[in-house]
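So, here come the structures, one by one.
In the two complexes that follow, chain A is the common piece, with chain B as its partner first and chain C second.
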Partner chain A sequence: MSAIGAKPAGGAGLDTTSALVGIIILIVILGAMYMLGSSVALMALIGVIIGGILIGFGVHFVPVGGAPAAMGQAPGIATGVAMLAAGAGLAGLFGGAWAAEQGLAVAVITGGIGGGLMMAITCFMVNFIYVFGMGIPAASGKVLKDPITGDSQPEFKSQGTEGHGLPFISYVGGVIGGIFGGAGGTLIYIMLLDVYKESLPEMFGAQAAQVLPIAITLAGLFAIGIFLVNAVLAAYNITGTIEGPHDPKFKRFPRDIIASAVASAVCGIVAILLVAM
Partner chain B sequence: MESIVFGIGITALAGALATVAGAAEDTESNIGSQGDPNSQVQLAPQMGYIHRIFNKAVAGEPPAYGLWIALGAGIAWAFMAMQINPILAIVLGCGLATFIQGVYATTAYLGRTASLAKFGQPVYVDILKSVTTVTMAHAFVAIFTTVTMCHLINAALGHPFPLPLLGLIWGIALGAAGSATGNPFYGKERQYQSQKFGAGVPIAASGNIVRYAEAGERNSLDNGWYTAKLGGPASGVCFGLIVFLELWRTVLFEPVAAGWGAIVVGIIMILVFAVIDRYIEVWARKTYGPYTTPEKEASS
Partner chain C sequence: MSVKIEVIEGGMPHTNIMIGGLVVSVICIYLTYLNVLTGTQLFAFFGGLGAIAAIVWGSHTIKHLCSYGIGTGVPSAGMMAFGSGLIAMLFATRYGVAAPIVAIILAAVIGAILGYVANNILSMHIPVMIQSLVEMAVIGALTLMGFAAMMTGSFELSSMTVGQVTILGLSLPSYQASLLGGALLATVFMLGGIAIQHPFNACLGPNWTQDRMLMLAAECGFLSMIPAAVMSMALVSMPAALISLIVSLVGWYYTYANYIVLSKRDAAEWLDAKPIPELEGH
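Our next item is the complex of A and B:
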């Protein structure tokens, strides 16, 4: 049996015990933050958790075909789940960080649009190469009809493959995934930046302007780190490849939301207590 | 007005640098066989097909390029802090990062190929000597152009992130764009050149990569020559568009309506790309036609 024909070992359901343990850890971390830090720090941690959930949820939308996609054996983009999502999300973080002075809402949306634009261009170029470089039309292996356009899919799958290219639903999924990733990464960055901007001048006994580069660097580094943690967690949840929101694997996202919340809380409390205690 | 013209000029230059970076990145990864298609290079000896293709996919392209460009940018940043001229600092930083890439390529090829010894795959020392330096040369072009682009974004456009952090972000994005666009062309069109054009590779053919060239055995330099014709430039256009449009919408439209201008322009651009993508998808369906007659169950 080929790798793409194999059934995934993990089920789609939510394990109640694990979910409860995860929620308890989350509450304990939030309680610890409330006891140890200021209200700004608690709000920042909640922001980091929401950002992490957005990233983890967004990764499930990104159509990734891995190695089989590189041979036109399976639909999706021919690279790894976590890495493609990171590429899009970090491109969004780049734009969001630039717009940080414009306020939280504008910065987060700018970050989301930056991630979405990166994915829109990348998905378009993937189809360009498939159609004009390889002469292969897009076809999904998971659904009979594209849920958005209604185009039938099975007769466009070439013999012996699971499908290829990016049907329109996968394209839209990629853009949505990029938007969630970019917005989540930017939210984490801005939340951490607020904490660092407040705490670092006192810590170093320096002017706010003097420590600003350190605050930006620290917040950026932690945002990238927490982004990668959540992207990799989601990749483990997906196990291999996913076509987008129409793929049955997409239904696994509730598991990842709990996992992302806990992982972001653990990373977030470390990032905040570094300066807030 | 002058600042806007200056910003657009820097944006265009950054976009041009990104285009070269994308093309060099994809060609480097194809010569070194680092993308997802390398799974077939690793698989081939296990199926009895001994070959002379390079094999260095220990990490995916995005993390590998994140490392090399962050290294190049970090070293250049340190040299600049020592008051060394930025151009010299960037060249030195990228040169040192390229040596790290060379060490990576060498150890990856030796390690991965040696692991195939039980299937009879030899380690070719002449391949190591001739291909490693070519991947290093392409890697230098990709690293240098991306670090220079990051320096422009930081120093001329005023992005708040320091150079090494920008290097990490754009390095990962470069690897993601290059592998997404270039991998199918290298994987399907080159490694499986003997398969029918206009169809995916049947799963049963996995591992049966093309191993012979016009004269003698095919090597990775032949693959670089081939993919540099379309996969490389397309990857360059992809990364160039990403960088140029992201900077363009920010430089020109962020001052409009307190940042909402850039958001609206971004949404419009996403919609434009969606329309073009849909047009291409429909064109391909009509032009290439279905492989089989539509099933009644599927169409009902």
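Our next item is the complex of A and C:
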């Protein structure tokens, strides 16, 4: 039996002791940032943490189907979280980065729209191929009625499968997830870019315009790094596959919010201390 | 508790591969420091070899972790490695000669915290989770640092941020024509990420053999080293870039030929099929 056939063992509950340890780590990191850096750096770190939480929360909405979905045996998009998150999140991040000069709110909203648009197109094409290419209707295996449209599901579900295709609720979930992911990625990028724009000219003894390419690359790379870490942690939380916001696994999101906050704080403080120390 | 369903049979134990990969990688990255000592850039290719040693180690760590069934697919482990490794590696480049050591320590700390988060807060409860994520972060940092050292001739932040632009025969320092300013590191990120996740993804299954997977990892590493060597032409002197390119091409051919031999060995049966012959006169 190969590794792919293994059943993941992640439970559904929240381990209180571990969660407390996580929150303590988070507070220690925030305190360390306050001691070591300026108030701008602390605000940037809080922005990075919020961005990371948005990414981790957003992944829970995205209908990730994995290998079973590729064979039409489970609902969702037929690939893993790492690929989907990279696609939707980076599309949003690049969209938001173009709007970075127009202020935080515009950039974050643009990033969200970029990610949501990417997921909308992906979900549409996925359903198009499912329906017209593989000849299977969209049906959820987890709920009897679509929570939004109220359409009945079990009649369309093939025997021996967990459902197939992308039901309307999964489609909507995908778009919401893309919006959260794109907005979160852009927020991390903007926060880090502000810190680098401020510190790098002094660090290199150069004019701001000269070191701007370095500030943009550093912020972009760190945003991608923190994005992937949060996306994979969320993937661990849902143990690989989820149907969308109606899936029972969606209820596990509280512990991912703690996990994303701790992970983003650890990565964010290192990224900020690169220039602030 | 999750159940380990795929045991490692035969071959070297994981600890040996880990120690070997770590030592070879660090030594190779430090050998690029000969550039500074001798005043040339000809030893840059050692950085690529260090990255390949880390990739070979990384493919086995992914095998070690994924044999517990993490449920998210093999590529996610590679993305995690590079996401956390990149952060440690860039921070460590500030510390000059000590950069590789700082990168290892910082990556291990980040990996340990991420491992705790995944294993306890997210209730994964996989026995090797923390150790694997520590290793993955170190591997990501060393791979990126190796390729960065190969492309710039040094593993220090100053050489990664300042490049040279020649205008009318005049050589000027430029922040844009550098590894970071030109965002070449983003390309290296993906080149390394694909190289590290592919070997186990391609070789997993009932007839998994260790030597075949490690050979494929080395092959993927050399394959990623080829475009890195081409990109290094913009940053280091042409002879140094050509040496890197030749080393990567020779290494890739050698490992690829060996991988094909091992694949044929492990195949139940293989047929050396010829293209459809063009028959005339029918």
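Simple rule for what comes next: the second predicted complex is superposed on the first by the 269 of 277 C-alpha atoms of A that agree within 3 Å, B and C clash if a C-alpha of one lies under 4 Å from a C-alpha of the other, contacts with A are read in each partner's own complex, and residues count from 1 in each chain.
In this text, a residue touches a chain if its C-beta (ideal position, glycine included) is under 8 Å from a C-beta of that chain, and two chains touch if they have at least 3 such contacts.
What you see is a predicted model; the values in this text were computed from it and never measured.
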Discussion item. In the superposed model built on chain A, check whether chain B and chain C fit or clash.
Written reply: clash
Item to complete: Report for A:Ala86: first if it touches chain B alone, second if chain C alone, otherwise both or neither.
Response: both
Item to complete: Scan A:Val270 for contacts with chain B and chain C and give back first, second, both or neither.
Response: second
Item to complete: Quick one: classify A:Ile121 as touching chain B (first), chain C (second), both or neither.
Response: first
Worksheet item: For A:Pro167, is the partner it touches chain B (first), chain C (second), both, or none of the two (neither)?
Response: first
Discussion item. Just to be sure I read the superposition right, which of the two partners does A:Pro213 touch: chain B = first, chain C = second, or both, or neither?
Written reply: both
Item to complete: Scan A:Ile224 for contacts with chain B and chain C and give back first, second, both or neither.
Response: both
Practice prompt. Figure out whether A:Val195 sits in contact with chain B (first) or chain C (second), or with both, or with neither.
Written response: neither
Discussion item. Contact-wise, after the overlay, does A:Gly66 reach chain B, chain C, both or neither (first, second, both, neither)?
Written reply: both
Discussion item. Touch test for A:Ser158: chain B only (first), chain C only (second), both, or neither?
Written reply: first
Practice prompt. State whether chain B or chain C is in contact with more residues of chain A in the superposed arrangement.
Written response: B
Discussion item. Can you tell me which of the listed chain B stretches (115-123, 133-141, 169-177 or 259-267) runs into chain C once everything is aligned on A?
Written reply: 115-123
Worksheet item: Do chain B and chain C touch any of the same residues on chain A, and if so, which?
Response: 2, 4-5, 66-67, 80, 83, 86, 213, 216-217, 220-221, 224
Worksheet item: So in the complex, which bits of chain B are touching chain A?
Response: 35-37, 39-40, 60-63, 159-162, 165-166, 168-170, 172-173, 175-177, 179-189, 191-192, 197-206, 230-231, 234-235, 237-238, 241-242, 245-246, 249-250, 254, 258-260, 262-263, 266-267, 269-270, 273-274, 276-278, 280-281, 283-285, 288, 290-295, 297-299
Response to the item:
Touching chain C in the complex, chain A uses residues 1-11, 13, 15, 18-19, 21-22, 25, 66-67, 80-83, 86, 204, 206, 210-211, 213-214, 216-218, 220-222, 224-229, 231-233, 235-237, 239-241, 255-256, 258-259, 262-263, 266-267, 270-271, 273-274
Worksheet, complete the sentence: chain C contacts chain A in the complex at 1-3, 5-6, 66-77, 79-80, 82-84, 86-88, 90-91, 94, 106, 110, 113-114, 116-118, 120-126, 161, 175-176, 178, 180-183, 185-186, 189, 204-206
Worksheet item: What residues of chain A sit close enough to touch chain B in their complex?
Response: 2, 4-5, 66-73, 77-80, 83-84, 86-88, 90-91, 93-95, 97-100, 102-103, 106-107, 109-110, 113-114, 116-118, 120-138, 144-145, 149, 151-168, 171-172, 175, 213, 216-217, 220-221, 224
